[in-house]
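Some structures to go through are shown next.
After this come two complexes, each holding chain A, first together with chain B and then together with chain C.
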Partner chain A sequence: MKSLLLLSGLGISAMLAELFNLKKLLFPIVCLGLLATIGVSFYDWNTDIHLFNNMLRLDNYALLFTASMSFITLLWFIGANDYIELETSISDKYALVLFALVGAFIMVSYNNLSMLFIGIEILSISMYVLAGSKKNDLFGNEAALKYFLMGAFATGFLLFGVALIYGVTGSFDIQVIGEYCRMNAGNLPMLFNVAIILMMVGMAFKVSAAPFHFWAPDVYTGSPSMVTAFMATVVKTAAIVAFARLFYGAFSFAPSTWQNAISVMAVLTMFIGNVTAVFQQNVKRLLAYSSVAHAGYLLIALVALSHFSGGAIFYYTLSYGVASLLAFHILFTVSGNKNEGADINAFNGLAKRNPLMAFGITVAMLSLAGIPPLAGFFGKYYIFNAAIEAGRYKLVLLAVVASLISVYYYFKVIIAVYFKQSNESAIELTGMHKMLYLVCVILLFILAVIPEMIVGLMK
Partner chain B sequence: MLTAILIALPFLAGLLIITTGGEQSKRIALGAALAELVVAGIMLAQFQINAESQFVLNYPWIPSLGINFHLAVDGISMLMILLTTVLTPLIIYSSFGHHYSKPQNFYGLILLMQMALIGVFTALDGFLFYIFWELALIPIYFICLLWGGENRAKITFKFFLYTMVGSLFMLVALIYLFQQTTGTHSFDINALYAAGQALDINTQRTIFWGLFLAFAIKMPIFPLHTWQPDTYVVAPTQGTMLLSGIMLKMGIYGAIRWLLPMVPEGVAAYSHLVMMLAIIGIIYASLIAWVQTDIKRLIAYSSIAHVGLIAAGVFSLNEQGISGAVFQMLSHGINVFALFFIVDMIEQRTKTRLMGNLGGVRTVAPKFATFFMVIMMGSVALPLTNGFPGEFLLLNGVYQASGMYALFAGITIILGAVYMLNAYQKSMLGEVSAATENFEEPKAHETHILWICAILVIVMGVYPKPLFSIAEPAIQQLLTMVK
Partner chain C sequence: MVQDTMAQTLHGIPINAYLMLSAVLFSIGVLGVLYRRNIIVIFMCIELMLNAVNLLLAAFGAYRGDSNGQIFVFFIMAVAAAEVAVGLAILVMIYRNTKNTDIDELSRLKW
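For the complex of A and B:
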C-alpha cells in the first residue's frame, strides 16, 4: 500500500511541479521517492499484506520486483535526465514514467485478473504516450501508433481470456482459479483451455515473444532512445512477472495446455531474436532484437515450473536490466538525441574517444552475451539450471546454441569500439553519467559474486 | 592462505594498474609478478611431497547449486603454479623493449590473466574451474584485439569463438555430471569423479567428448588447431608468449585433472584414437613447420608438434607418459617463451621475420647466436637440456601403449631437429644480409632474460629429479583412479 501511494503521489506531484514552477527540484525529489519505495519494500518484507479485498497481494515476490524495478527506474532517471531536459514539458515525462511504474507495480503484485488488466493498462497507456513523445518525429509517431494498436489488440485477447475464465470459474481471483484448476485437473472444460490460450497470446504480445513480437523492433527503434531503454527493462520485467504470476498462480495445474506452446515460443523467440540481430547495422535495432531474444530465455524459466524459476527470473531480469540500461545509456550518449539511434559505425573508435564508455559498453555486451564472470552468465545459468531440474534438456541445448549466435553480434559492437578507427572528436561526460556507468559496471560484477544472496531473497 | 594470496595479488595489482597506472605500469606490473613469484616460492618451500591436497581454501559460494570456492594445491598444480609465476615476470620483463600504447591496460590484463591461470590450476570445483577457464580467455582476447597485428579482429574472434564453443561443451558435460552426483548435488571434484566413474560406458563415452573438445581446442590437437597459427602470429609478442607458454597448458592440465579420472572407461575407449590424432598432428605440424619461411609461424607450428607429443603421452595412461607430460609442460613453456622472445628480438632489429632475408647473424652478434643455439637445443630435446627428460619419458609412455605410435612419434624428434636446425642455419649462419648487417647484441634486459632461460634449459636438463618428485605422488594417485 505504502509503495503504491508513494509512487502515485510522486507521479501526481510531478504533474503539479509544472504549476508551482518547481521543475528544478523534481529530479532530487523523484530520486528520493524511488529510494523510499525501495526502502518501504524491504520494510514490508515478510508481511504478505492483502489489499483491496484481496485484489493486490504484496508477497515477497511482489516486493522484491517492486524494489528492483524502482531501482532500475532510478538508474534510468539518472541517465535520462539529459534527455528529459532536452525536451519541453519536463514534468509530463516524469509523471508518465512514474505512472508507468505504478502500472508495473500492480502487474507484479496483482491477485485478481481485473487488477492485472488495470495494471497493464496503466503501464501501457503511459508508454504509448511516451513512445510518441517526440511529436515532430515521423518514426516516433509511427512507433506510438503501432504500439497502441498492437497493445490494444493484445489486451483484447487478454480480456477474452479473462471473460471466459470468469464464465467457467465465476471468479477473478487467482487463488480461486488455481483451486478450480487443481480440483478439475485432467478434465478441464474446453472453455477453460481456450481461455488459457487466449491469455497466453495476450501476455506473449506484451513480453514480445515470437511469433507475437513483430511490433517490438519497430516500436523500440522508433521511440526515443531513453523511452526504449525503459521499455526494454522495466516494462519487460513487469510483463514477464505478470505472465509468471498468472501461469504459476492460476494455471500451474494445467501444464499440458500451455507448457509445450510456451516452449515452442521460447525457442522461436530466442532464435528469431538472435538471428535477426546478427544482420542489424543499427545498434538500437540490434538491442531491440536482443531484447526480444532475452524474453525467450525468460520464457524458459517460465516453462520449467521448478522451484528455482522464481529466483532465476528475478536474477535474470535484474542483471539483464542493468546491462541493457547501461547499453542504452551509452547508445544515447553516442547517438545524441536522434530517434533513429546509431549505426554501428558511430561506435567506431569509442575506445579513443572515451575509454570509460568503451569499457562500459564492453561490459554490458559481455554480460548480455552471458560470458562469465559477469552477471549475465549467472542469469542464464540459473535459468538453465531451473530447466534442467525440470528435465528440459533439449530446451537448454537450444538455448545454449542461441546464446552462441548472440555472441557474434554483441562482439560486433565490441570490435567496432576497439578496433575500428574514427575521426570523431572525444566525448565529454558529466560527473553524473560517469558515476552511473561505473555503478552499472560494478553492479554487473558484484551481482556475479553474490548470486546466492540475490536468488536467496526469493525463497 | 597462500592460495588466497596467489589469486588475490595479481588481481588487485591488475586492477590497481588499470585504474591508476600510467607510464610506470610496466615496472609496477613487474614488481607484482615478482612478488607473486616469491609467494609461489614460499609455497614451494612449505609444500609436502605427498598426494594430499594442500593449502586448501574452501568456502561455500552458491550453496543452492552446490558450488564452492574450493582451491587447493597438489604436486601437479604446484608445478603449474611455478610455470605461471616464473613465466609471467619474464613475459612482462621481455616487453621492456616495446612501447605499447595504453600500457596500464596491457599490463593490467596480463596480471588479470595470471590470476585466472592460477585459478584454473588450483580449482577443485567444477563450476569454479569453468569460471576461471573462461576468465582466462577474456584478457587474452583483448590483448590480441587491442595490440595485435594485421587482420586481428577476424582472427582473434575466430579464436574466441572456437574456444568458447569448446568451453560450452565442457560446461554442459559438467552440468550433466553434477546432476548425476549422489545426495545433494555438488560440483566438488570428488563428487564429480564418483558420479562420472559410476556412469555406464556409453554415457561415459559421450561425456568424454564433451570434456575432451574443450581441452583439445585449447591445446590444440589436430584437427582442432586451425585457430592457433594465425592467432600466434597476429598476437603481440607477449600475447603469443602467454598463449603458447601458459595458456595451452590449461588444456593439458584440464585433460589430466578433469578428464582422465572423470570418465576412465570413456577415456580408455578413445585413448588410442586421441593418440593417433595427436601423432598425426605431430607429423603434420612438423612438415608444415619445415616449409615455413616466417620464423614466428614456424615456431607456432613447432608448438603444435610438441603439444601433440605431450597429448599422446597423457593419453598413454601410464606413469611415464603423464610424468613426462607434466615435466614437458614446464620445459616447453620456457623454451617456447624463449624462442618467441628471440623471434621478437630479430623482428625488432631487422624488421622482418622471413628467414630468407636473414643470415650471418652469428658473425655480427655471436652472443645472440649462442643463446639461440642453447635454447634451440632445448627445443629439439638434446640430452642434458630440459627438452630431453620430458620427451624421453613421453616416448617411453607412448611406447608402452603401442610400439608403432612410439615409432611415428619418434620421427618428430628427427623432424624437429631438421626444421629447427634449418631455421637456425638460414637465419644465423651464412652470408650477412642487408637486414642483419647492423644486428645489435642483446641489450641489458634482453641479456638477463636470455641468461635466465639458458640456465633453466641446462639446469632442468641436467638435474630434473626435484621437479619429477614433486608431481610423482599426485600422478600415482591419479592413475589409481584411471585404472
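For the complex of A and C:
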C-alpha cells in the first residue's frame, strides 16, 4: 500500500512541479522517491498484506518485483536525462513514466481480474503517450498508433476472456477461480477453455510472444530510444509477471493443453526473435528482436510453473533488465538521440572512441547472449533448470539451439566495436553516465556471483 | 403494467442468447479491426469489441444476481473513454503530419 501511494504521489507531484516551477528539483525528488519505494518494499517483507477487499495482494513475490522494477526505473531515469530534457514538457515525461510504474506495480500484485485490467491499462495508456512523445517524428507517430491499436485490440481479447470466466465461475477473484478450476479439473465447461485461450492471446500480445509479436519490432524501433528501453525492461517484466500470476494462481489445475500451447509459443518466439535479429543492420531493431526472443525464454519458465520458477523469472528479468538497459543507454549515446537508432557501423571503432562504452556494450551483449561469467548465463541456467525439473527436455534443447543462434548477432556488435576502424571522433561522457555504465556492469558481475541468494529470496 | 411485461420478456431471454449476441458483436469488431483501413473506423471497431464484453458482463451479472459484473462494466467504460482520448490524440498528431487517416500510409517501419 505504501509503495502504491508513494509511486502515485510521486507521479502527481511530478505533474505539479510544472506549476510551481520546481523542475530543477524533480530529478532528485524522483530518485529519492524510487529509493524509498525499494526501501518500503523490503520493510513490508513477509507480511503478505491483502488490500482493497482482497483485490491486491502484496506477497513477497509482488514486493520483490516492485523493488526490482523501481530499481530499473531509477537506472532508467539516471540515463534518460537527455531524452527527458531535450524538448519541453519535462514533468509530463516524469509523470507518465511514474504512472506506468504504478500500473506495473498493480500488474505484479493483483489478486482480482479487475485489477489486472486496470493495471494493464494504467501502464499501457502512459506508454502510448510516451511512444508518441516526439510529435513531429513520423516514425514515432506510427509506433504510437501501432502500439495503441495492438494494445487496445489485445485488451479486447483479454476482457472477453475475463467476462466468460466471470460467467462460468461467478467471480473475478484469482483464488476463487483457481478453486473452481481444481474442483472441476476433469470436466471444465467449454466456455472456460475458450476463456483461457482468449486470455492467453491477450497476454501473449502484451508480452510480444509469437505469433502475436509482429507489432513489437516496429513499435520498439519507432519509439524514442529511451522509451524503447523502458518498454523492453519494465513493461516486459510486468507483463510476464502478470501472465505468470494469472496462470499460476487461476489456471494451474486447468488441462495441460494450455501448457503445451505456451511451450509452442515459447519455441516460436525464441526462433522468430533470434533468427530475424540475425538479419538486422539497425542495432535498435536488433535489440527489439532480441527482446522478443527473451520473452520466449521467459515463457519457458511459465510452462514449468513451480515454486522454483518464480525465482528464475525474477533473476532472469533482473539480469535481462540491467543488461538491456545498459545496451539501450549506450545505443542512445552512440546514435545521438536519433529516433531510428543506429546502424551497426555506427559502433565501429568504439573501443578507441570511448573504452568505457565499448566495455559496457560488450558486457551487456555477452550477458544477453548468456555467456558464462555473467548474470545472463545464470538467468538462462535457472530457467532451463526449472524446465528440466518439469520434464520438458525437448523445450530446453530447442532453447539452447535458439540461444546459440543469438550468440551470432550479439557478437556482430562486439566485433564492430573492437575490430573495425572508424574516423568518427571520440565520445565524451558526463559523470552521471559514466557512473551509470559502471554500476550496470558491476551489477551484471555481482548478480552472477550471488545467483543462489537472489533466487532463494522467492522461497 | 407495460413495464412488468417488459421485465418478464427480458427475464424470458435465455443467457445463451446474450452469449451469442456478444460473441457475434465481438467477432464483428475483430473483423473490422483486421479489414478496415481507416483509423477512425478501426477505433470504432475496438469500441464494439469492448461493448460486446460490457453486454456479456452485464448479462452474466443479472443472470447470477451478482453486482460485481456490472461494476466491472463501469471500469471498462471509464478506462475505454480514457484510452480513446489518447487514441484520438495520437490520430490528430498523425493527421497533422500526414493529412491522412489511412492506415496503409503508415508503413514506413518495415516488418
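The rule we apply is simple: the second predicted complex is superposed on the first by the 457 of 459 C-alpha atoms of A that agree within 3 Å, B and C clash if a C-alpha of one lies under 4 Å from a C-alpha of the other, contacts with A are read in each partner's own complex, and residues count from 1 in each chain.
In this section, a contact is a pair of C-beta atoms (placed from the backbone, for glycine too) under 8 Å apart; a residue touches a chain by one contact, two chains touch by 3 or more.
As the structure is a computational prediction, the values presented were derived from the model and not from experiment.
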When the two structures are overlaid on chain A, which partner does A:138 contact: first (chain B), second (chain C), both, or neither? second
Partner chain(s) touched by A:114 [first = chain B, second = chain C, both, neither]: second
Contact-wise, after the overlay, does A:400 reach chain B, chain C, both or neither (first, second, both, neither)? first
Report the partner of chain A that touches more of its residues: chain B or chain C. C
Once the structures are superposed on A, label A:217 by its partner contacts, choosing first (chain B), second (chain C), both or neither. second
First (chain B), second (chain C), both or neither touched by A:172: second
Just to be sure I read the superposition right, which of the two partners does A:373 touch: chain B = first, chain C = second, or both, or neither? first
For A:419, is the partner it touches chain B (first), chain C (second), both, or none of the two (neither)? first
Find the residues of chain A that appear in the contact set with chain B and again in the contact set with chain C. none
Listed in rising order, chain B residues that touch chain A in their complex are 61-65, 130-131, 134-135, 138, 142, 145-146, 152-153, 157, 160-161, 164-165, 168, 172, 175, 179
How about chain A: which of its residues touch chain B in the complex? 308, 351, 366, 371-373, 381, 384-385, 388, 397, 400, 404, 407-408, 411, 415, 418-419, 451-452, 455-456
Can you check the complex and tell me which residues of chain A touch chain C? 114, 117-118, 121, 124-125, 128-129, 132, 135-136, 138-139, 141-146, 148-149, 152-153, 155-156, 159-160, 162-164, 166-167, 170-172, 191, 214, 217-218, 221-222
Sites on chain C touched by chain A in the complex: 15, 19, 22, 26, 29-30, 33, 39, 42, 46, 49-50, 52-53, 56-57, 60-61, 63-64, 66, 68-69, 72, 75-76, 79, 82-83, 86-87, 89-91, 93-94, 97-98, 103, 106-109, 111
